[in-house]
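Multiple structures are listed underneath, in structure tokens.
Look for subunit A in each of the two complexes below; its partner is subunit B in the first and subunit C in the second.
On to the complex of A and B.
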């Protein structure tokens, strides 16, 4: 139902400690935003695509789809960086080559940064980040709400899909007019059902001794030294490669 | 007879809004037995189960735990729920965590166990239900049968003395029912008491030690399974069918006559074995 979540739970690096992936993504993100973009950003982009697709085994099509949305935003907004408004002699639009280079640099840098985040998104489910959020000091209540929302998202979506199918089977969407009416009914049903379900969830939690805090444990996974070494080596290689390339280009 | 582990006496309960679900309900849960609550839809099975772990407080009547009246303050409820585990009918109502492991760890942590002890309980409960390989799986990617067993593991990890299951076999396929029964039998061998509600008379006839027949918010009768379900008038009053195997065994003997093989068959397999024996002997 949620393809990103599905990939995040089933990819090849699933058994590894999430911190290893967080370090790789965070490191690449740092490299992408700090080092000269024209030389470094393509390397970061390449490294993250490789890690996601050949490393973790997420299908290329899925990666491209995740990248397409931010790429689309960039394509729409970057041309305006290359153009500037000149007010010295009346009002006129000016195209400058400096502006064009700036647009390319910003575009590459953003794309590289997005690719690092896409890697993390496609390989790490929200639920794995939650215990970590607690450790870095996000309030307990906020973390619990995030956890519950994550879980309920799937339940509500299932419920909505089932109700919609039932409506469709009885021609609820045969005309636009009926479709709007059916959608309204669906929303109303969803509200009452979700409330009833919340009540039952409360009974289930109380039966297991719930007294206000949702404390849970995650399976213990150990950080692997070889993996950490490989991540560090990859970060250094990309940074060094980027800086060298930058010298050559100049 | 020893003191029953749970004893419900004259429970009355009306839901807010006025629907009266229990009208003087009585139930005795004996230690180490498998008790089935049988009754048609709306007879008060689920409401009764919710009284057995203190989720609902009766309007009148009381629940005794080991002969002592149950308390409804925080400490008493916490102790009660540690002893009496409740598994809801719909596993999605119970699994709130992202992964099976997380969800099962919830109860033991609430009991104040240390982290290593809680981890031990999680692994033990997952092994008991034969789902150790699902530990890291997200709950939304499980099949219904897997969800059901994960929900039971979450309650089991608290080491309850009594396990209460609301319609445990509803929605499960044949293999799921077999696996679930095997897991519950293993628990019972370790001393757990089982109480489950069902409207499947064949399941109760084949598998329960005792049955309690419920009708319209009261207990019609509670007793040993075969003797109780043999009462056709009682079953009609409760709007229940006669168990299939019982109908067949009745057709094979004179009314009221003892069963020629001694022990009355309770499953299709038992009856099949008996008929096999007849064919070999007669033909």
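On to the complex of A and C.
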């Protein structure tokens, strides 16, 4: 159902401490968003593509598939940054070169930022990232609910897919009108089933002495200093490279 | 209608995150209180969140042929209450970024404001105001206007970030709003119809589920009654 999640659990760097990857992705994201995009963004994009595909060993096709949707969205939306609406004599769209440069800069910045996000999501399972929310001050109850959501959503998604299959097999989506009705039925059934499942879980947990906290084991992994040093070096290199390139380009 | 990663300038991204935080704090406090009083509601809330995530990943049969998804903000806000929905919506948006690379981390704040705060509250307000006109009409208007509000907020966020060089913010708002209107207005109507079907089916066949979510209390008493645990 979620190919990203599959790679996140099976790539080559899964034995390393997730904080190393989070630092790399977060740092690159920050660099991509704050430094001048024309010079920095291509470097970030290259570094993140390299780290994902050659470093973590995620197949290139998977990386491209993750990047394709945002890239397609960019292609659709960027032209609207380049044109401006002129209402003086009727509705007219005017092209401006300043707008075009803005569109290129925003497009590059977005692509670079998405590549950092793609690295993070393809190499780090949600279950390892969510506990960090605790560190930024999110209450324990909300973090636990987020983790439970992650564990439940695959079951709910399976149920939705099965219902959808059954409906399609019975021509439930043959026309738009029928499709809307089928989707409504699907959503209602899904909610009923999800709540029934939650109730059964409640009973099961109550029978095991549930008092309000769910404890789960997480594999212990140590932060490696060489890795952290390499990540920091990479971040500095990209930032410095981007800034020098920016000076040269000017 | 997610704003993608890196699309907003850093200042805007930070500002929208700051706008989103108070709503999240209020919702999180409420969730902490509910779950400490009734630990079992945790599972109920988590199921609600998982449901909201899967709902937002379903494909809508669309007239235009483009691939589009329901936002589910109105349904969530009617079923679970808008302040709780802010937190659930934020978690769903975070998971969409992390599991589907849909939306983003830097734009999370802006997306939360549009889809987990403004959308649900507008839907909820509409629902309460139009409730005397009948359940079906109230649900339809809530879902449709909630969707439209979400899309207008997103257009405004983009217009603030990228004002038109000639006509400024309003020009950009007209530009982005006009572009999105082609897909978003039909989608809002479809989502309205869809939500009516869902609420009708639930109302007909699983009234006790709705009771458990405090739905009828919310509809009748006018209090923003919170989730209550099942007595089963």
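Basically, the second predicted complex is superposed on the first by the 194 of 250 C-alpha atoms of A that agree within 3 Å, B and C clash if a C-alpha of one lies under 4 Å from a C-alpha of the other, contacts with A are read in each partner's own complex, and residues count from 1 in each chain.
Convention: a contact is a pair of C-beta atoms (placed from the backbone, for glycine too) under 8 Å apart; a residue touches a chain by one contact, two chains touch by 3 or more.
This structure is a prediction, so every number in the text was calculated from the model and none was measured.
Trainee: So in the superposed three-chain picture, is A:126 touching just subunit B, just subunit C, both, or none of them (first/second/both/neither)?
Mentor: both
Trainee: After the superposition on A, what does A:208 contact: first (subunit B), second (subunit C), both or neither?
Mentor: After superposing on A, A:208 lies in contact with subunit B but is clear of subunit C.
Trainee: Counting only touches as set out at the top, which of subunit B and subunit C does A:104 meet: first, second, both, neither?
Mentor: Neither partner.
Trainee: Quick check on the superposed pair: does A:19 touch subunit B, subunit C, both, or neither? Answer first, second, both or neither.
Mentor: neither
Trainee: Should A:228 be classified as contacting the first partner (subunit B), the second (subunit C), both, or neither?
Mentor: A:228: touches no partner chain.
Trainee: Can A:82 be said to touch subunit B (first), subunit C (second), both, or neither?
Mentor: neither
Trainee: Thinking of the overlay built on chain A, is A:197 touched by subunit B (first), by subunit C (second), by both, or by neither?
Mentor: In the superposed model, A:197 contacts both subunit B and subunit C.
Trainee: Have a look at where A:148 lands relative to subunit B and subunit C in the superposition and call it first, second, both or neither.
Mentor: Both partners, subunit B and subunit C.
Trainee: Applying the touch criterion given at the start, work out whether A:186 contacts subunit B, subunit C, both or neither, answering first, second, both or neither.
Mentor: Second partner only.
Trainee: Could you let me know whether more residues of subunit A are touched by subunit B or by subunit C?
Mentor: C
Trainee: Once the two structures are superposed, pull the subunit A residues common to the subunit B and subunit C interfaces.
Mentor: Touching subunit B and subunit C on subunit A: residues 5, 126, 148, 150, 155, 197, 201, 205-206, 210-211.
Trainee: Give the list of subunit A residues in touch with subunit C in this complex.
Mentor: Those in contact with subunit C are residues 2, 4-5, 29, 32-34, 66-67, 69-70, 73-74, 80-81, 83-87, 94, 96, 98-99, 102, 106, 109-114, 116-118, 120-121, 126, 129, 138-142, 144-146, 148-150, 152-153, 155-157, 160, 164, 173, 176, 179-181, 183-192, 194-195, 197-199, 201-202, 205-206, 210-212.
Trainee: Which of the residues in subunit B end up touching subunit A in this complex?
Mentor: Result: residues 50, 53, 55, 74, 78, 81-82, 85-86, 88, 90, 92-99, 101-103, 105-107, 109-111, 115, 118-119, 122, 135-141, 151, 154-155, 158 of subunit B touch subunit A.
Trainee: Per the contact definition, I'd like the list of subunit C residues that touch subunit A in the complex.
Mentor: 4-7, 10, 13, 28-29, 31-32, 35-36, 39-40, 42-51, 53-55, 57-58, 60-63, 70, 75, 79, 87, 91-92, 94-95, 97-102, 104-106, 162, 164-167, 171-172, 174-176, 178-179, 190, 193-198, 201-202, 205-206, 209, 212, 230, 232
Trainee: Give every residue of subunit A touching subunit B within the complex, in rising order.
Mentor: Residue positions touching the partner: 1, 5-6, 9, 14-15, 125-128, 130, 147-148, 150-151, 154-155, 197, 200-201, 203-211, 214-220.
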